[in-house]
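One structure follows; several queries about it will come next.
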Amino acid sequence: MNLLEARDVSVRFGSFTAVDKVSVNVGPGERVGLIGPNGAGKSSLFAALSGFEDAGGGTIRFNGRDVTGYGPVRRARAGLGRTFQVPKEFAHLSVRENLMTAAPSQAGESLLSLLFAASRVARQEKEIGAEADSHLEFLNIAHVANESAVRLSGGQKKLLELGRVLMTGPKLILLDEPFAGVNPVLIGEISDRIRELSGQGISVLIVEHNLNALSQLVDRLYVMDRGRIMAEGKPDEVLASDIVREAYMGGVA
Amino acid sequence: MEAYLIAIAVYALVYLLMGLGLNLHYGFTGLINFGHVGFFAIGAYASCLLTLAGYPMPLGFALALLLPALAAIPIGYLSLRLRSDYLAIVTLGFSEVVRLAIINEKWLTNGVQGVPGIPDVAQGFGLPVSGSVAALIVLLIANALAIALVYRLTRSPFGRAIQAIRDDEEAVRALGKDPGSFKIRVFMIGASLAGLAGAIYGHYITYITPEQFLPLVTFYVWVAIILGGAGKVSGTIVGTLALMTFLEGSRFLRDLLPGVSEVEMASVRLFVIGLALILLVRFRPSGIMGDWTSGGTQR
Amino acid sequence: MKNLQMNRRHVLAGLGTTAALATVGLPVKHARAAGSPAMIGALNPVSGAGSAYGSGMQKAIIMAAEEINAAGGAAGQMIEVIGEDTQTSPEAAVNAAKKLVEVNNVGAILGTWSSGVTLAVMPITTAAGVPLMCTSGAPAISTEDKADLVWRFQATNDRFGRAFAKIADREGYKTAATMAFNNASGIGNTEGFKKSWGGEIVGDVVYEPKRPSYRSELQQVMASNPDVIVMGSYLPDTTIILREWFQLGGKNKWIIPGWAANDKLVEALGAEVCEGVISVESVSNESAESYAHFDKGYQAATGSPASSNVYAAMTYDMMIVWGLAMAAAGEGADSAAVNAKLRDVGNPDGAEVYTFADGVEALKSGPINYQGASSRLDFDEYGDVTPDFGMSVIKDGKIERVAVVSI
Amino acid sequence: MTVAYLMNLAVNGAVEGLLVGLLALAVTLVFGVARFPNASAGDVAMVGAYSGWLLQSAIVSLGPLSLVFAGVTAMASAALVSLALYWLVFRALSGRVGVYALIASIGAAFVLRSVVTFFLGHDQQVFAVPLTRALSIGPLRVLPIDLWVGAIALAAMVCVFVILRMTAMGRRMRAIADNPQLAMVSGIPAARTMSGLWLMAGALSGLAGCLLGLKTVIAPEMGWDLLLPAFAATILGSVGNPLGAVIGGVIIGIAQEVSTPFVGFTYKIAIGFVVMLLVLLVRPEGLFVARARVR
């Protein structure tokens, strides 16, 4: 049974069709890749899947429920987390605070419990803090925990976003170019982390231009061009096919 | 001599209470609220009219906290749908609509004739001191509580969430949190603080008219929080003191410029205040204490 | 262009010096011994809605103080005038009043203009026992003045309204409409008129200030085509309304307060528009010698005639009357003692005097009745003057007194 | 309360709206390109009105021609003051959040007003112009001055529209409006383009000030009082859209005046803001989002 089933999802900006009746699916714990040249509509598809854009007549089912009508907040609560192509860190909060903010249903966010249940809030803060620390270790950015997020490098900001989405306890994470601006050594580490996540049953759909890093990481690969899925299958088969070569190398629209 | 300093202290503490509310809106949550004087006016008229109708002053203060909060709900909702510079003009419109309503509803507010003979704070709380000293005491307490409340709020998960909204609202949505409920609650708290400031101001000055609640008051509160450093409680405090120094200090410029006649003095004062605004925004944009972007994670 | 970053120390230092200058600037508390000058506060609307009158009012006070000092001062004390601007806003006026009372230790505050400002300042001056003299019209000022410390040199608005009613009857108008500037004095005038006029009120508009046009308000009033339109207004709005009325071919008559229908209105609109407009003002004592004396001095000080700013004559009288009361109360008298003497200086059966110098002279031999430049200055039980009203009509650009109406 | 009565109210509202729209034109240009509501626009207009009046009173003998010169002087002086404000105050703030420039513009407004009141005092001034009777067009009674206000406002709108759409300077302004960083990087002479913008905004404000002075009186606070309606019109017509600014002004003007028989003359001002609010609830970006807008 698929965790995510998107059918005929379309995204239009005025007269321009960025995503044209695209269907994709991701199984539980599965690692799926999505590649395509710039402007193929990958980020627009992510926006539709995460609820920031309308599904344009298509349907999106997640974890057995039809979430087409859900906004980004309800979809995230249902376990469909995402990161952004350009990192959207909380610039003037510390890295640790960035992660702690993401923890769901915090008593400390209700004014009543803040004033009348201070001890419960304090206790929960410790738990959330510990959880954040573990993720920071997991992504080995613990050494910058107290830095203002704005001062991080591009790669570190990507890790911060990953850590943040993990705090929400997602079932599926839409990773938008996790390796962009990240040094090769770190790419290996991030790949291992992602493999461990899927080991814990968390599936990922990854948009990435670093084809060889991606092909070693994912079980399945979609190729997208001019708003449509051109091919799908095992990474090595798909990469060898002429469709990909044409989309990437020659005859690019 | 001291009574004048008390008067200036009361004037400063009223602006500080409003500043703490507005700093919560803009400094911590990024909400550009240019209608703060609207909440100030609602609080002033609520408490003064209620106490004139014979109800005890504490009840008047309670209403001065409640009504602005209720008025803030629709505006909180609007802040979700509108871009921040649009929100600035819409809230400016809100404060003008409040003022026009006060002018027009003569049956309730006595309109432009204003409300004279309002019981002062000493009478209201049975304090054996003069009206202005009583106002000063009540204002010191109110500001202390407000500062404690703001510190408590901004250091809690709630505080983290609203600052996250300030830094990137879209990312907050992607993490499964609804900015709406936070923004509306922040608007309500800030509005209540402004309402309380209005109530104490009304009972201090014992005569209120619609022309005391013009947009200029909102501009002055904005200057205070930006001058001191938005997003920092210490910034609001220092900013309010700096604002008072300009507003009242320029009153004594005449003693330094003997050649200028009284009549031209008004123009010189306006010139000094205007120039000060430009210079400080130009050369010290992040405020005297540095705003939320320049400090570490210290609030 | 490198951004010249002032670091925190510079800014705090800058603020520190401003605050220090502020305290240095505060004169030490004056002992009211003879010889040290008597401090008088001139709290006038130099900016804001009353700005057209504030500077003239302040100059008139200074002029009167110079006259008193030239005659050797009052009760041995020279007068020093401290000017402050109310900005025609109650909030700013309250702080200015506090400063005058507490820092400058003024014996009296003269010349608040708008009713809102006077009502806001009264609690402060009354609490400090400092007399306040104003030119505001709101009736509430009399009822709120419980300590008899507030003196009004202008007729109350409802008295103006009654004068308008008498003039409307005199002219035989049957139907009237009112247009009121939406503030305490504007509405006070038209309400006073409506209460005391026997004829039919066919229209009643209250308009907001500072509008780019008053066409719609005029349209409503002219639709009820009244014989006369009675105004409670100020110069800027009256200029716009009359201009638009004329251009719309209006034929009605107008009754307008003198502070709005004066030479400046004729200068702005020309004689043809203002032809036949009735201007009503509390009668300045034009016939009195003191008015001529004041007019000469005012023209020298401001370059415009006394008739262009009727409030200036009032503030001039305030200073003169206070000086005379100081002389009557004798050396070292405090404000309360001087305040008590105010009625004696203007009581009807005293010797009539027209200048400060004559007054001081005549005081030696008994009670005096100072005839002010603005009015006879006979205060009623509320401390309000009860002037008569002059009805003037504008004929080819000239404002000619036609009759005097007493209430 | 006949239809003619309402139509006259609508005409009054439209004329007032065009006057507000003219100032809103200047506001929307700066708001769209420099991304902040310029609170000094009103006082720049006031400076234009005063300079126009100063010149006109000197050459009254030339009759109506003196008004044309007055208008040109008003536009020129206001444009120069506006340019000076850009170079002295706003240029250094271009990188910062809009709120800072807004507060600096409030400071600039105070400075301009204090200089004018220091030298020219607080008394009201008036353009020396012969008064003409209203024209009757069917049931409508229209003042000649109002026709001039309407014609000039529409002409100004068309000029701005043409400049933005057809000229190189206009294209550069729209580029800066769309993406300031990208524009800077791609070699657009920002200083020259922004100077052109502020000159144009200043000239429009000066024109608005002059017409307002002609229609009413010239006083120190005339510009400040026109600012709030101009902001509302700018927002209603979508920030950065010259067409929207004028039409926004007209819509608010008509709504205000036509509402007077129902809500009275005080609440009519509130109606302006309520109309803006209702439109924003339906279209958070204002009426004219796409097409001819600077941003």
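Each chain carries a letter (A, B, C and D) given by its place in the written order, and its residues are counted from 1.
We adopt the following convention: a residue touches a chain if its C-beta (ideal position, glycine included) is under 8 Å from a C-beta of that chain, and two chains touch if they have at least 3 such contacts.
Computed from a predicted structure; not experimentally measured.
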{"item": "Between subunit A and subunit B, centroid-to-centroid distance (C-alpha), Å", "value": "42"}
{"item": "Approximate Å spacing (C-alpha centroids) for the pair subunit C, subunit D", "value": "36"}
{"item": "Gap in Å, rounded to a whole number, between the CA centres of subunit D and subunit A", "value": "47"}
{"item": "Inter-chain centre distance, subunit B versus subunit D - centres from mean C-alpha coordinates, in Å", "value": "30"}
{"item": "Residue list for subunit B, restricted to those that touch at least two other chains", "value": "103, 266-267, 269-270"}
{"item": "Per-residue multi-chain contacts in subunit A, two or more chains", "value": "none"}
{"item": "Multi-partner residues of subunit C (each touching 2 or more other chains)", "value": "3, 46-47, 54-55, 182"}
{"item": "Chain contact graph, described as a line, ring, star, complete graph or other shape", "value": "other"}
{"item": "Contacting chain pairs - touch in the sense defined above", "value": "A-B, B-C, B-D, C-D"}
{"item": "Touch list for subunit A against partner subunit B, complex", "value": "50, 52, 71-74, 76-77, 81-82, 84, 88-94, 97-98, 100-104, 106-111, 114-115, 121, 125, 128, 146, 148, 164-165, 167-168"}
{"item": "Subunit B - residues contacting subunit C, complex", "value": "1-4, 7-8, 11, 103, 112-114, 116-117, 130-131, 205-207, 209, 211-212, 214, 241-242, 245-246, 248-249, 251-252, 254-256, 261-263, 265-267, 269-270, 280, 283-284, 288-290"}
{"item": "Parts of subunit B lying in touch with subunit A, wherever the complex brings them together", "value": "152-153, 156-158, 160-161, 163-164, 166-168, 170-178, 182, 185, 231, 292-293, 296-297"}
{"item": "Contact set on subunit C toward subunit B in their complex", "value": "3-6, 8, 11-12, 15, 18-19, 21-22, 25-26, 29, 42, 46-47, 54-55, 58-59, 62, 81, 83-85, 87, 89-91, 94-96, 98-99, 101-103, 115-116, 119-120, 122-123, 127-128, 138, 140, 144, 182-184, 187"}
{"item": "Subunit D-facing residues of subunit C, complex", "value": "1, 3, 46-47, 51-52, 54-55, 182, 205-208, 210-213, 215-217, 219-220, 223, 235-236, 239-240, 243-244, 246-249, 264, 267-270, 272-273"}
